[in-house]
Each structure stands twice: as structure tokens, then as C-alpha cells.
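Paired with chain B in one complex and with chain C in the other, chain A is shared by the two complexes that follow.
For the complex of A and B:
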């Protein structure tokens, strides 16, 4: 029994070799299975994904679509932060405001952002603003929730200490409340960004359906996928897009964590 | 007028967060702190000694009576009354220098004007070389020194200290007691010294440091007795002397019964 033996750390080479060989075996049998059953075109091929990926990277299509989507995510995320952080801090510090707004906010928060897509299209049209609205909607609540909770949990004695040292209301807000809430707000930011990224794909997919290929909507990765599905019918490219979407959200989260370590060195453990 | 703080029939009632019961924390406190005196407040757990301190600091208001500081009614905290908290309450996002600097910064003093004073204080409390550390990276004793320097940066005329040495080990406590006396001006004259109100569990500590000791009783907290410590200063050489031991025993006699009672009541 392995459990009963003293655990030896794995050999360095083995540590890389094991997962790598799993991957190679998986890809090879996948490729072989698709070819053997002649299901190319319906089921993607690893070699096809690689080929599509190289082509789409070389002709720049993926970058163009990605920058369109990312731009909307960043704008929506920023709107969410600018509205959500002050609102959350205010709710967290003023009980009357909390009591007045909490129910409405919780109700709004329960509505999935993508459920707003039809209304957003009705109000803002398909030129990108509808997607932006959905993204901002998705991003604002994690900020509100985390900022308000952080403000409620702030150490009262730190506020007392600041006041005893001569701090007035604004110094307390700027130099105690805000820095004290920053770690939780950052956690909220990471949630907000992943929500925003998920919503932009969904929104673009939904908005893109009717007008893809007619060049009317602002192109993003979602629209590109719709076009690839209905017009080009290229399953390999679809899977390549999926991989890129995953990679980008991983990069974004890693980046945010780096920013957090840089901005809040006292909180880095 | 020679008193720094006057407590006139001060009482405090609050509603318990646990069971909504009405708790009378303090009742009928009538007392004056002389300017420049070192006053210690002792008493069993739950006698309201921290409540008393926080009302003089201005964090909470008395339910009855009034508190005067330098002839004016206390309406809130102020930089002339420095506070030291039991568990330091340092700002975790500020370095040692940033914490010490907070008072002058909060009062709007320009960075160039506050720098020299901050540096001098850091050296005074022995934290030179640790300016850029965060509080989490310091030992308990060093955090305590940082909190002391932070309080001193405002040159407060009154020091309000809530069990400031309770969280450090015994050896560190002895060292910090001596330093505290030195910084207060144990060898100096009364007029030049800040007024201190020092809340503590340590009866020996109270005898070592204070000119007078207020002994509080509990439920409701009221002044049981005021003990004069008529020992010469500087005090450090008198540590462990028979006179101090005798005074400590006298104070302990006043507290013992209620302290025993407090232990059993608290576990309910």
C-alpha cells in the first residue's frame, strides 16, 4: 500500500514526464479515434486545431476579435469598479443606506447578467453597447458585495486610533477605510473580471447570431465564434477559440494577482 | 485650576449585544486627574476600566454625568489625548515610519516638516533600521514601541493607555516599563510631564508606575478606593522593593474577592 509507506518526493524528470506523456497519449488516441471513425468536420482534430490556430494567429483574425472583446471587458469592468466600490463602501458604513438598498440590490444581483441581453439590445442596439451594458452589470455586483462587506468588517479600533491621532472624516475614509478594504475589494475585482469575461462571450454569442457576417455588429471573439459555426463550419477553429478564451482568463487572473502583490505588499503572504 | 481631567458623576449603561440585557458598566464615578500625574486604574475583569478610558478618549459618551478635559467637555477624540491600545491597533498597511507619521499627517502637517520628528521618535523608541517594516513583521515588543512612537508624534499632553503591556512576555514587559517611565520623565518635574491614565491588570505594574491607583469594583463599576503610592521617583531602582510589595498586597486585598467572583461569572 502506497498510503502506508513514507512518501518520497518524485524524481525531477519524472515530475514533468508524467503529465506530459498523459497529454501526448490523450492527443494521439483522440486523433486516431477521429480518423478511424471518419468524423472529421463534426469532431475536432488535434492536428486541425493546431493548423487553424497557426493560420488564425498569422493572419491576425484572433487578435482583432480578442482586442474588441477585451476592450469591452475592460471598459465594463472599470464602470463596475467606479460605480461598485463607492456604492459598496457607502452601504457598508451607513446602516440606513444598507437597509434601504440591500433588498433592491440583492434582487438585481440575482438576475443573471445575460438575461438582460434582450433588453440591452432593445435599448442600446447591437453595436457593442449592449454587450458593454451586460459586462458592466456583471462586474458591478462583486465590487458592491465585497466592498460593503469589507467596510462592515473593518476593525473599529483602527478607526478609533486614527481619530485619536487627529484624523477627520475624510482622512479616516481615505487612509483607514479604503486601504483597510482593499484586500477584499481586490478579491471582488478578480471575481468581477471573471464574470465580465464570461458575460462578454455569452453576450457576443447572443448578439452576434442575427447579424454575423453582415459586418454590422462590432466584432469580438463571440461573434467570430458564431460566424465560424454558421458560416465557416470550422470545428477546429471553434476549439482553438475556446482554448484562447481559457488562456486569456488565466492570464488576466494571474495579472490581477501580481498587481495585488505589488499594490498591497503588506497583504502578500 | 490644576486638574487635567474631571469626571463628574460619570455612569455608563449599554445594551449587551449577546442577550440584549441592560448592563450598568460604570456608576457614579467622581474623580479628578491632576496635571502631570501618573494614574493607574486596576480592578477585576468587567469593572469597566476600559470603558472609562474610552470615554475620556472620546470614543464613547457617558450615559450620565460629564467628563471635562482641561475645563472643556469631552465631545470626541482629539490629538491632545493620545491613546495606546491593548493590541496596538497599528495600521497594517503602513510601515513603521508610516504609522508613526500618521498623527502629523492626519493633522495636515507637510511631509518635509514631519520627517525629522518621525525619525527622532523612531530612534527614541529603538526602532531604527525597522522604518520600512510592516507591523506584521515585528515582534510584540516592537509593535508596542511603534504604537508608543505613533502616539508621541502628536506631542499629546495626556496619555491614555489601555493595558498596553498586556500582550508582551514578562521580560519584554519589564524592559518596556522602564522605557515608559523614562519617556514619561520619571526623573523630571511634574509640570513638564504628560498626564497619564494607565489601565492595567498588573497590580505590581500599577504600583511601580503610578502616583495614585484607582481601584474599581464591579457590577456596576465604581471607585472602591484610591491608593496613594508615596514612593520617590525615579522608580526603576525600587522594583521588587519591600515597600512596593506591601502596597501591591494592599491593592490585591481590595480586589481579590471580586476577581474570584469574576472568573466564575465570566464562564456562564
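For the complex of A and C:
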């Protein structure tokens, strides 16, 4: 991959060695710089990240917080799917609905889910449901967008053929529309789940800051990070949590890609 | 007669949708009967007008300042790195794994560390926007450059074009659709990060102001602020969409990407 395609392809060993040696040099000079300037505790330290990582994994704090967050992500994601897929299919099949709701939906979609946090806290309280609202809000739009687009792109001839064979409205929806839209809806689900995962952390951070110092109950990874930031002041642990968050979103994405290939082998992107 | 009819429906139908949403909102707020819990549309509108006279212009200016610096830096660095990686396999072999490693870590996850390193203030949202806009544009540009039709390059080369000319006149224009698409994607993520960064770790801007109003329990103003966030996000995207249409008018796909 190069601009003019005149170079020889890079050696396979070099492809591994180059990034690896850069990483080692980077980590070593980072460690040395932090130690030389005596800023441990203010700036994260590679060895410290490793140490607090092993400690936090061994005492199980991370798993407890993680399961709380993931639970909320899954519930919010399901709410988003239940609300978003029917709405999207309706918009995609009924043109009037599409034209009249598009502007409203585009505006609502442009509201960052986290902006709802004050209203969500007011309506649902800080103990978890407010975060759920934010997650569901983030998850619903990818479903709406992809389901409506899929319904618009569906082959009219299939619908007409089913009708000609005597299929009623319900049969057309169940046997033609929904299966035909599945691949795109699944892609929407992947986007929705990654949005949901980013939003739960944002929501939990915002809630955690609101109630920092009051309740000691740690409910999710976001609250845990706030506590680490303001109570424990542990930089290394913060970076460790970030790495775990990245790992989880990587697992979510590759996992869903796998499922997509398994379930929809004819149309896996 | 058809154009007039379609123009009529084009104006009236979105208004119908808007009216339906406002009606539902009004009905819900009447049913709840508590202007703090669910502020009705008219009160939110009055709050918006009042905000226009006081802090709103400054808040929007602060948000746009965060967005301008963060997004400008992120887009430039992302574009530059992608072009470097595209022109040198050495750079690509080094940069690409790092990008793949950092990409799954969402900007949101950086907020606590950013607060710790920079302190609560403008640097937190600016850093988040920078980080958020970096990856989509990097990946889209690298992808766009690598997909440039080799025939075009060979044709230019066989006509005697220099390396510089090929890059400037063939590769970059051919990759432009992907670059602009990446820029739009970047802006969407950047907008979400801007609001999150301002709410959690900022000291100015529209996101920060929403939380500030919450402290005083002015939920009508909170609601107005939330809607302003949506309107501004929509506006920013439509600016880029117009730019996309303008820049790519010559491109065969421009008839398709008008959506």
C-alpha cells in the first residue's frame, strides 16, 4: 500500500519488528522520562500500569464494576432494538412517515446522548436507570437508520411476488421484509452496541461526578474511574481501566462480526 | 403541476412531523403536570429566548472554539499521518498497529485521565475532540489512497507526469471522496465527544452550561440546551455535507452520495 506502487513489499519480519521495537523504545523512554522527572503518580507509568492492573484483576474489583456496566449496556441495547427496529421498518416502508419524521429524527440523533443526563437523572434517579436511558437513547438511532434504509432498499419484486402468491400484510412483513433487512439491521446492531458501550461510560462518569463523595457504592466502570480519579488519585489504575474499556469494545466488535458471519453467511460484510 | 405539489409536500410534511412531536411533548407535560419534571414546549421556548439574551452566544462560541481547535488539529494530523503511511511502508508498518490499538479505546474513556493531566478546563474537550476526530479520517484517507485506480496512475506516469504531479493531480483527487466521508464521520464522533468532555471535564461551552443550569434546577433551560446541542450538531453536519457536494461535484458518485 503506497502512493505510487513502486516500492518492494516490506519484509514479513520487518512488519512485526518495526512496530514492536517502536513500542519497546516508546515504553522504555516513557518509563525513564517519568522516573527522571519524579512525576510518578502525576503521570502514568508503564510499570505502574502493569502493577495496578494485576492487583485490580486479582482482587476482582474490575469484574464487579464491569458486569454492572455490561448488564446496563445489554438492557439499553435491547430497548434500543425493540424500539428502533419497528420504527425503522415503518419509516422505510411508509414514505410519508419517512418524509415527515426525518428532520425530527435527524435533530434528535444529533443530540449527544450524554446531554440528556440531567433530565435522565431527574426522571430516573442516579442509581442506574439514568445511565440506562442514555444507553438506550444512543442505541436506538443506529437501529432506526439501518432498518429504514434496509426497508427502502428491499427488492420490490420480492414483495410483489409474495403478494401475488396470496401473502397477507403480516406474512409479507414476517417472511420478506424482516429477513431481507436482517443483514443491514445487524450492521446497525454492531454500531448500536459500540455506541452503547461508549455512552455507558460517559453516563457513569457524569453520574459518578454528581455523587462523588456521597454514596460509596461503585456500580459501574465509570463510577469506578471517578472514584479512582478523585478519591484514590491513582493514575496507573486509570490507564489500566482505559485499556480494559478498549479491550471490551474490541471483543464486542469482533464477537458480533463472528455472529454476523455465522447467522448471515450470505451477506456478511 | 407535479413540481409544485412535491414542493408543497416537501415543506408541509416535515412540519407535520415536527407538529406531531410538539403535540406529544405538550400532552405528556400536561399529563405530568409539573413544569420542572417535564417543561412544556412553550416554557422551553421562552427559556431559549431568555438564554439568547444572556449566556448562550458565549457558550456556543466556547463550544465552537473547542471544536475548531480540536477538530482542526485532529483532521490535519490524521490526514498527514495517513498520507505519510500511504507513501512509506515503514511509516505504515509503525503507525497502523498503534492506530488499531488505540482506536477501540473510545474518547470517553480518556476523560478521567485528561482531567487528571490537564485539569478541568478547555484542554479536556479540545483533547477529546482531537483524539476522536483523528481515527476516522486517518482510516478513511489511508483506505481511499490505497483504492485509487492503478490505471489512472499508470496512465499519468506513461504520459510523463512526475511523482509530485501524480500525487497532487491524480492520487489526492481520486482519494478525496473517501477523505471527505472520513471527515464527516470524524465530525459526528467529535461532536459527541465535545458534549461529553464539556459536561464531565469542561468549564465552558454548551455542554457545560447544561449541567450548570441543572445545578440551579432550571430544567426548562436544561431542555433548551439539549435541543440546541441537537440543532448545532445537525448544522455542523449539513455544513460538511454541503462542502462534500461542492467538492465532489465532478465525481461520478456525487449523484449517489447526495443523501
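We take it that the second predicted complex is superposed on the first by the 240 of 269 C-alpha atoms of A that agree within 3 Å, B and C clash if a C-alpha of one lies under 4 Å from a C-alpha of the other, contacts with A are read in each partner's own complex, and residues count from 1 in each chain.
One rule holds in what follows: a residue touches a chain if its C-beta (ideal position, glycine included) is under 8 Å from a C-beta of that chain, and two chains touch if they have at least 3 such contacts.
In this text, all values refer to a predicted model and were calculated from it rather than measured experimentally.
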{"item": "Clash-or-fit label for the pair chain B, chain C on chain A", "value": "fit"}
{"item": "Which partner reaches more residues of chain A (counting touched residues only), chain B or chain C", "value": "C"}
{"item": "Which of chain B and chain C A:44 touches, first, second, both or neither", "value": "second"}
{"item": "Partner chain in contact with A:111 - chain B first, chain C second, else both or neither", "value": "second"}
{"item": "First (chain B), second (chain C), both or neither touched by A:242", "value": "second"}
{"item": "Superposition-derived minimum Cα distance between chain C and chain B (Å)", "value": "7"}
{"item": "Chain B and chain C contact sites that coincide on chain A, given as residue numbers", "value": "none"}
{"item": "Residue ranges of chain C in contact with chain A within the complex", "value": "9-10, 13-14, 16-18, 20-21, 36-37, 83, 85-90, 92-94, 96-98, 101-102, 104-113, 115-117, 142, 145-146, 150, 153, 157, 163, 166-167, 171, 191-192, 194-196, 199-200, 207, 210-211, 213-214, 219, 222-223, 225-227, 229-234, 237"}
{"item": "Chain B-facing residues of chain A, complex", "value": "155, 157-158, 160-168, 171, 175-176, 179-180, 182, 264-267"}
{"item": "Residue numbers on chain B that touch chain A, as the complex places them", "value": "54, 57-59, 76-79, 81-83, 85, 87, 89-94, 102-103, 105-107, 134, 136, 150-151, 153-154, 160"}
{"item": "Residues on chain A engaged by chain C in the complex (per definition of touch)", "value": "1-5, 7, 9-10, 14-15, 18-19, 22-23, 42-44, 96, 99-104, 106-119, 121-123, 197-199, 201-202, 205-206, 209, 225-226, 228-229, 233, 235, 238-239, 241-243, 245-247, 249-250, 253"}
